[in-house]
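Look at the two complexes coming up: subunit A is in both, with subunit B in one and subunit C in the other.
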Partner chain A sequence: MAKIYDYLDERLSLSDLKKFGEKKTVPNHKQSFWYYWGGISLLCFLIQLMTGVLLIIYYKPGPDAYNSVRALTYDVDFGWLIRSAHSWAATIFLVSVFVHMFSVYFMKAYRKPREFGWWSGMVLLILGLLFGFSGYLLPMDQLSFVATKVGLAIPENIPLIGHGIANLMRGGMEVSDVTVQRFFAWHAVVLPLLYIPLLVFHLWLVQKHGNAIPPSEEDVPVLERKNIPFFPNFLMKDLAMWLVTLNVIALFASIFPQDIGKVADPLGPAPVGIHPEWYFMSSFETLKLIGKVIPGTIGEAVGITVFTLGLVLWVLIPFYDVKSLAGLRAKRATYFGLLCLGVLIVTTILGYVTV
Partner chain B sequence: MSKTPTAVLPEESHDNGVSRAQFIKVAVGGMCLAYAAAIGYPVYRYLNSPVEREAALAAIKDVTLAGADKLEAGSVLLFKFGPYPSMLIHHRDGKWVAFDAVCSHLGCTVQYHPDLDKIVCACHGGVYDAYTGENISGPPPKPLNKFQVKVGPGSVLISRA
Partner chain C sequence: MNYPIWEVHGIGLPWVVGIIAIFHVMISQFAVGGGLYLAVAERKAMKEGRKDWFPLLERHSKFFLILTGVYGTVSGVGIWFAIGLIQPEATSTLIYNFVFGWAIEWVFFLVELTSAIVYYYTWNRIPQALHLKVGWLYAAASVCTLVIINGILSFMLTPGATWLGAAGTGHESSYFWNAFFNPTYWPSLALRSLVCVSLAGVWALVSFSRLDVDEFGASRTQLIRWSTTWLAPAFILMPFMFVWYAAMVPASNKHLLELGMASIGSGSFTQVTRIALMSVMSTATIAGVAYLFAYKYPRDFSPSHATAILVLALAATGSTEYAREAIRKPFVIGSHMYSNSVRVRDVAHLNQVGYLTDSMWAPSGLDATQLDRGRAMFRGECMSCHTVDGYRSMRHFLEGRDFKSIGNILKMLHDYKPDSTYHNFMPPLVGTDEEILALQNYLLTLNATNAPGSVAHR
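Right after this comes the complex of A and B.
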């Protein structure tokens, strides 16, 4: 072993990497727990990448989509496990991404010089949601068919260009096997090509600026702040969290495997109790609530405008929560964050209760 | 592990010849192997699934070719015996023979030449006898697998010898 290490070290300078890892430190304080969630998201993404490649081996986009997923789930050995792991890793990915985002928000880690970390993260989140939306159609059962029809009604509502955009996404006036082929191209080629370089940029920024510390920790004198070496201490903890995540995904995939419904029927009615995946539940419920107060297309437009405004405010937080104006401003940002989090949670729960 | 103040540090205890560091190394290594196996086995089975299905298909003993009894003398019919391409030849003298159509050299599909009355492989010029399947010239190291042929009314039954 030592000989192999020496051989590689002389040629690849492994010890430099080790020295670098030992020199790099990670702040250790009460809120350090939240540092793991970006790493958990990363692991989930890697699992999706690997299980996704495995699924492509049997998946056939286009008119054979439904039958290929059915065969993959019921005929191919362990196909159910690969598919369930892919779907559960997606859910846990989005959970950890949301936790990561809110912890960054409340620790105010978006402040100078980390604004681009925040912005690239927001784009990664939107791409992540698009991964979810496009992947959901691929089995082409009745539920995914109707969900995609409903989901595409949102771009449909954009004034003037909306109809054209929705038609382009669908590849027609209605969701069909042409749409599945398109969504597959997005899901398995276009989105990964956009996502991976941006993820590298995001990770490079984390390395460049180091972990941000929350304002409470900033009050501690520099000499009294605690740090731990990245290698091996933090890495080991990170890997331990990865192991926990891996086990959770394996457990969920085995106990609650993904099934497949009836084949999509363009003339079939929407199934009773249909609702979007949990990560779209909040926006679904909010639109429903606004629709009750302001019925018709105006309500829809108001809802979508409120969303867009909220998202813009959220993305631009580094601009109006500036460090120089700490105190009052920082508190306002925290209240805004709590409001957003509260609305998300309440509307999601409400969505499930009223389904 | 004892927590009494007199306890010897595990690193220093050598009564059973295993230090704490060695134990952890083996335990962690073993766990990694267990995880690799737990992930690797389903992935292998998943990838190997179509192979297993074809292997079951390849195990069949015979195949019935409906309507093949009407095959003209001096012509050939290619069919699949399980997953493998195979050929049924109706010779001009009325004899029926069937072979595995996979060349014993490098696995190309061979073809029957009615003019030469030989089976030839276009890839590397292998030639087989069209009655016995014997390799008569070129690189093939072995004869073609020969099947038993039973011509009945309305169909031909091909079975492994």
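Right after this comes the complex of A and C.
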């Protein structure tokens, strides 16, 4: 083993990497738990990448989409497991991304010099949601068909350009085989091409600036702050967290494997109790609520505008909450974060209750 | 149908017991292993002169007392209530056979609870050697409770040929010891003992992770590392004990697992197998995570790490208990009583005279319609496992099926041929032709595609 290490070390300078890892430190405090969520998101993404490649081997976009997923689920050995792992990893990916985003927000980790980490993270989140949306249609069963139809109503409501965007995504006026083909191109080619380089950039920024400490830790004198070496201490813990995550994904995939419904029928009725996936439930419910107060197209336009405005404010928070002596802006930013988190949770629950 | 049926929508009846039992097992097995842990830890501290361990063990014994004494006992009573409501026939059989077993167990409970309270409140108040004796008394009493309850639990899977030979004669309780020391008693006891020891380690990790590193420094680190070693016996010996256990389980009970293994690739009939494999995977993950979190870096070990291990332990316990319950199917008491409370020996009689005939809960009189009788059949024979809309939803299973198709399934369950796949995990459908027709009509109304009122006649 030592000989192999020496061989590789001479050629790849592994010891330099090790020294670097040992020198690099990670803050250790009561809120250190939140540092794992970025790593969990990364693991889930890697699982989706690997299982996605395996699914592509059997998946046929276009008119055969449904039958290929059906065969994949029931005929191909372990196809059910790979498909279920892909789907559950996606769910846990988005959960961990949301937790990561809010933990970064409340730790004020968007402040100088980490602004680009925040912005690249936001784009990664949006791309992650688009991954979810585009992947959902691919089995082309009745549920995914109707859900996509309903989901495309959101961009359709954007004033002026909405209709064009929705048509471009659908490949026509209605969700059809062409839409599946387009969504597959987005899901398996375009989005990964955008996502992976941005992810590398995001990780590089994390490595460059290190982990931020929460405001409560900032009051602790620098000499009294605790740190642990990235290698091996934090890395081992990160790996342990990956093991836990892998276990959770396997547990869900085994106990609640993905089924497939009836083939999509454009003339058929929508399945009973249909609703968007949980990560779109909040936006769906918010639009519904605004639509009740202001009915009609105006209401839809107002809804989209409010939503877009909220998102813009969220993205631009590093410009507002710069560290100041008074700390007033920091407090307001925290309240804004709590408001957003509250709205997200309440509207999601409300969405499920009122379905 | 001697008892009223309790309807639970959504999660269904099995999960009422399941949820209470999984959490109860997590705590009650900690109560057994944790007692041993405290006594061994105190002895080690005395022998090696580690006085700094005592304050930490005192805190741990408080955590132990509250968790096991409050939640453990309350959830134990909860199981009694739940099984009495959900499987009254089976509970009645168990009480009839094991009433003295439970009486003995309750004596041990009293000793256990009393000694746990004395143990905590006498830290630094009585001589250390005497305090340790109280600890050993607790440990012995709690192990005895496992020794007793294990006989009753393992009986439900494998009552044994002697007891089964006496079943129905009225002399079943004369074969108490045969039923108690049934074929799976010893491997089950060995497996549960290992789980108890490892859960003692897991809960100790939870307890010590909460202590402040600066205040308790070295002793906290030593105890965290030592607690991790309590997980080792289980991980080394569990596979061997499992093989022993599997060897003692009758072939008919293993059939479902084997069928699952044979069809694991396609994923059909694999739910039990998948969950059994999850139990193995979760257990292995606990070993890896405990090593990486606690043993390697005990100083950095935090409550969130301990929670992660606890969640995995819950997953392992849950999946193991689920698999253990599932391989008992189609019986609730192996080869004696089906999961729908029908005794094996009563099947022919009920087919002849009717399932509802002698039931005081069946709808009768002029107002009772065929659908009422069909619903009574559903409640009595299906609802111990199925719900209408929730867990194992009957509406979902029947989706798209017409009157004839439903009739075919019911006929298959009624004929109950040995080569039928359903024979491995579903009880037979008993009753007269009229009763089965009533059930068929009732089930037809659950199918969303059939309009209400479309009741057909044979």
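Convention: the second predicted complex is superposed on the first by the 353 of 355 C-alpha atoms of A that agree within 3 Å, B and C clash if a C-alpha of one lies under 4 Å from a C-alpha of the other, contacts with A are read in each partner's own complex, and residues count from 1 in each chain.
Everything that follows uses one rule, which is that a contact is a pair of C-beta atoms (placed from the backbone, for glycine too) under 8 Å apart; a residue touches a chain by one contact, two chains touch by 3 or more.
The structure displayed is predicted, hence computed values, not measured ones.
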- Message: Is A:Asp77 touching anything from subunit B or subunit C once the two structures are fitted on A? First, second, both or neither.
- Response: both
- Task: Tell me which partner A:Ile228 touches in the superposition: subunit B (first), subunit C (second), both or neither.
- Result: second
- Item | Touching partner for A:Leu239 - first (subunit B), second (subunit C), both, neither | second
- Between subunit B (first) and subunit C (second), which does A:Ile57 come into contact with in this model arrangement: first, second, both, or neither? first
- Message: Taking the superposition on A as described, I'd like to know which of subunit B and subunit C A:Ser254 touches: first, second, both or neither.
- Response: second
- Message: Between subunit B and subunit C, whom does A:Tyr352 touch in the aligned arrangement: first, second, both, or neither?
- Response: neither
- Item | Larger contact residue set on subunit A - subunit B or subunit C | C
- Query: For subunit A, which residues belong to both interfaces, subunit B and subunit C?
  - Reply: 75, 77-79, 81, 246
- subunit C residues touching subunit A in their complex are 264-268, 271, 274-275, 277-278, 281-282, 285, 288-289, 292-293, 296-297, 300, 302, 304-305, 308, 311-312, 315, 319, 448
- Contact footprint of subunit C on subunit A as seen in their complex: 28, 32-33, 73-75, 77-81, 228, 232-233, 236-237, 239-241, 243-244, 246-248, 250-251, 254-255, 257, 272
- Message: Applying the document's contact rule, which stretches of subunit B touch subunit A when the two form their complex?
- Response: 35, 42-43, 45-50, 52
- Residues of subunit A defined as touching subunit B within the complex: 54, 57, 75-79, 81-82, 246
